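Two complexes are shown next, each including chain A; its partner changes from chain B in the first to chain C in the second.
Right after this comes the complex of A and B.
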């Protein structure tokens, strides 16, 4: 179900198109350099912003610890393209930052009058918006390390610094790698922001070939190369994680008795990402909303919000149902076929959303020619289908880790008590994984809420969501009018994050 | 599965209920407030409901192409003549019938093949710093490659459809070789790498980063009417210049928004009604009162801000050339590193 539409893309590909890429070696070279440069900056920034606070918050007890811990996740609520457009405006010559300097700090305003639309700045902005992936997986991993390792390290005479780099980081490599994988996927998928910053990447090359040059086969060939790169990163992560199975002792909770005398440090660590990753863009957007309050219609706002919530809820529910089924089979039978199946579910996440959308259009034409009579394009079901394919990978990891925590003996005992498959699923599997299921659902919900390219390609008649409306206005250079829609996305996503956090802390 | 079933049945119900009422289905690249006003007025007048899918032109074309004869779309709307040419070259349109009233629309804006009708147009103009540039220094698009503009020109990236259309018009007017030289000359004179949107180019002049920018007339109007004081100041720091105006020159490059009827249009009669409405004097007035575009109707004057820039000679090139030379334009951009 998931790989079929992707495979239909292959029908466009042929040897000649790889020839074309060979002819355009130079262009391809620069877009590869750009892509990797942007990737490295983003990964570096998100590691810096994610790792240290995660460590500090894990081992220290201080005032507002829980609040800060929650705030660290909030940048996830802002779609990356909204972040990029907002910062583009904030930093521009007529934006609040430079205007403020010109009015109050004239002497240094000249120094800051420069071009901010650079690849480095974009990398930092993307890092600010994506570091929560690193933070989230490190927080879990760090808290699982337990005090045995830390005490051991301490008794060997290692200080805080050495312990972090020699013990904690190496033990958390699998978590860090999977976070880097997610960050990379988001960067490779980015289109609106890189186009605005005038940077050529793999993704922009795909669209240029497909749309402007009407050259589908080259576009597909580049997409296949992109897919291969993703596959390499993915298998590296997979290989690494399966080779290093660490023996955590999760029950030994870390005690907070140590070094909480550096009162300012945790605040400084978390100050930067929270302020720049969330509050500055949020305040900018709120100001825009206030400025344009007269031009918003309540009817529009409610109907777009309803649309966004409906597609998010429907596709997340379907994702969770499919995942429960697949992972249950994987857990019960552990065959290599089910392994491959679960791996395939990640495929949709590996392609830029717009390419996935196009592949579904091609796919539904193939269906049309051979099987059914009505066109699926523009139907609600096709849109949902696409969103499910895209985000099933997002729901997989929280659910999987929740399932893996249940000892196998629980199932065996249940089976001995005479429960068959359905009973197992109904009475053991679902109740025990309730929290995992809920957080998988909510994470998918957030991602669909923010999703743009697929909805843009496959939307039904008169169907606007908050994100398509935001984009529509932003791309026509009316960022301030788009603010209310951005604000609603951010508000809903923040609330959802809050509930995820609540479920997880239970 | 439960959910899937439920949503599918809701969808089916929705599509059934539509059968009984008068509708017209649009695939539109335009998504401005003024369009919503137009469709509301049209519905009020005729009782025909307007359904819209708004996306970018290429994605809509991709949908049309793959839906083939199952397509529900009646009308395709784009803000770029190049895309209209693209969709007609893919044989996805039908000829406009004679009922469509074009007597008040100058031939200049019309499609020679009669496959689409123009509704508004915009010009790709030059804006220059009031402080640092004398109007007399400016002449043509071509003269921007002059040495005196070194490090002073601003323009957005070549992935933008308006830039692609401008390059296509230069190829059509001057030939591939000259266009390539022009592109290399512009790249050589750039004040910074191409990036941002059209408004960012004006802001860059205001900030002193460059002196002359190639932009779309529409966005200058937006800046001048902005809610933000600093943005209005940016708009006021520049003047508008229409290039290529002398007798032997080609005229300023323009691009049209156009409507077309799709090949398998299921509600063809309603589509014709809508197009006629959009071309009417009333609708053309609605356009100019709610946006900064130029009207195509010869008895309607543009918005005040736009009128104040004065009248200008329009490049009389067949607008289909903007599509014909699109690929060549992109190749030139690639070759001369205009990213």
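Right after this comes the complex of A and C.
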């Protein structure tokens, strides 16, 4: 499923593609610099915003700890492009920030009157939106370290600060690397936000070459380069993590031993990401919705919401069905083939949406030229196919960890009692992994609901979802009108996220 | 006194304190075995001494410095106390050598070569913890603690979860190192038989209360209550001059005729002798013999009254 579009893309490239790279050196150079600069800022910001709150929330017991812990995940409910559109407007000359300064703090208002649509600001905004990946990964890793290593470090003379840098961080390197990998993939995949900020990255160049300039060979060349970069990052993460996967000895949970003097720190550390990563854009969007309440058409809203929900539900259901099947085979037979299959499922997330979309267009063109007469481009099935490939890795993690928690002896006992494969699947595997299946479905649902580049490339004619409509209006400088669609996405995603948290904590 | 614990109290919930008014003291270089059942508060005591737990009440002082009192609490990293944890944790991201020098003052690096030689760790220095066996991990943990010449060494169940052969060698290592370095040590265990040889003093602890604090010999011959007596070995109950007394199995002599009669149940082969299980006045009775006795045989026994142990009513169980 995953290799077919990629092979098509590679087969479409030829010697001309490499000549194109040579001819358009400057374009590639600018895109590379911008992409890596944006990547570095975003990674740095997400590390700062995710790492320290994760540590302080893990080791401290304080009032509203559970609520703050949940709120820290909420920026996941706001797609990066909506965050960028909102902050673009908030910081603009006519936006609430500068208007407030002109009215109340005139002397300094001129200092803040500047262009905020810069790569640095975009990096910070993407960091605000993507830090939950770092937070989630580190929360799990820090909790797993347990109190033994922390106590040991203290008894060997380290204070909390030294313990954090000498023990906690080195032991969490695999988790931090995985989080950085996810953040990197999201940045490389990003289209809406970078386009709105007018920054040329690989993704925007693919769109521009393919659609605006009708320059197929440049688009394919950029897609191949992007693919190579992704491959390098993926390999680095895979090999480094398999080398540094530490086996912790059975360990007790971290006890909350921090004294009350430091208890303000968890609030301080979590205040910034929660307020700036969720509440400010949300409040801005709500104000816009209230201001423009008369201009929204109910029929349009219902139709786009239904389209988004249908696409998300269908893709997530297919993903879950495929995963149940693949992971069941892997669990039962543990052959090298099943191992490769499960590894391949995690590759999809590494493919930037633009590359995947382009590959599938190339694939269907090849198919159309050589095998069948009907064009798949613009069909609902091609869109679902792409979404399934891209997000299958998202569903894999919760389901795999749920399966791994069941001792192998459970299946062996059931087999011993006479259950064959179908019986095992029906009476043991599915009932025991109900929560894992549900979490996998909901996580995929959120990601598909927010997805933009694939849907933009592959959506059927005259078909819009909440995300494409938000994008369409925002790039046409109508952010206020797009806000109702943004609010619907955030509302649906927040509710789904709440359910995921509930299922996972069960 | 070098190490001094006075009237300490610690509870996790107000109804049942884990440590109740515990007081004792140690001289420099002494090895104390802190004996108690699982869940009796042994680890809580060690954690309190090391500073990982704060006391509710009482005082702990070491080498003239108060570590914990009503107004003073010295942080664990500022106490010169080494703590070898029960599950022998080694930092999994560091090699054996890096584990040994973790946060080690350069002044103590000179101790490493010597200790590594004594404990046979020389060939393992570049290995990671997951490449070590249980016994090797244990040795690394002990060396890591000792290398920094602590004022007090705390060992939490250092000999549990080891097979007999490794256990013996580890005990030998610990004994030789502690003797060599003269480190004041508190060793916590639930199995007293492992540490009888290496302890200068034994502290028996039950239900948060100190039961007895004495030398191993004194505790064996003059236990303070029935609980301490049974902890150090089998005890037989018999009636002497109209009062209930106790006697150790090795003080029983089989004779041809006496007023004390035994009915044999079973003779258990132990290699150098048999441990014979019998009944006397409907109570279970044990003694050691070179001979095998058939079940249901009737025998007579005698003893030296000096070896009898007597407990008054207050001491027939344990102190609460």
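One rule holds for everything that comes next: the second predicted complex is superposed on the first by the 472 of 506 C-alpha atoms of A that agree within 3 Å, B and C clash if a C-alpha of one lies under 4 Å from a C-alpha of the other, contacts with A are read in each partner's own complex, and residues count from 1 in each chain.
Operating definition for what follows: a residue touches a chain if its C-beta (ideal position, glycine included) is under 8 Å from a C-beta of that chain, and two chains touch if they have at least 3 such contacts.
As the structure is a computational prediction, the values presented were derived from the model and not from experiment.
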Which of chain B and chain C A:268 touches, first, second, both or neither: neither
Contacts of A:152 with chain B and chain C, given as first, second, both or neither: second
First (chain B), second (chain C), both or neither touched by A:340: neither
Partner touching more residues of chain A, whether chain B or chain C: B
Chain B versus chain C as contact partner of A:228, first or second or both or neither: neither
First, second, both or neither for A:293, with chain B first and chain C second: neither
List of chain B residues in touch with chain A within their complex: 1, 3-4, 7-8, 10-11, 25, 31-32, 51-56, 58-59, 62-63, 66-68, 70-72, 86, 156-157, 159, 164, 192-200, 203-204, 206-209, 219, 222, 227-228, 230-231, 233-234, 326-327, 330, 334, 339
Sites on chain C touched by chain A in the complex: 47, 50-52, 75-77, 81-83, 85, 87-89, 91-93, 102-103, 130, 144, 148
Complex interface listing, chain A residues touching chain B: 24, 27, 88, 92-95, 98-99, 113, 115, 117, 195-200, 204, 207-208, 210-214, 291-292, 314, 317-318, 321, 354, 357-358, 361-362, 364-365, 368, 373-375, 377-381, 384, 456-457, 459-464, 468, 472, 476-478, 480
Chain A residues within the chain C interface of the complex: 148-149, 151-159, 162, 166-167, 170-171, 173, 244, 246-251, 257
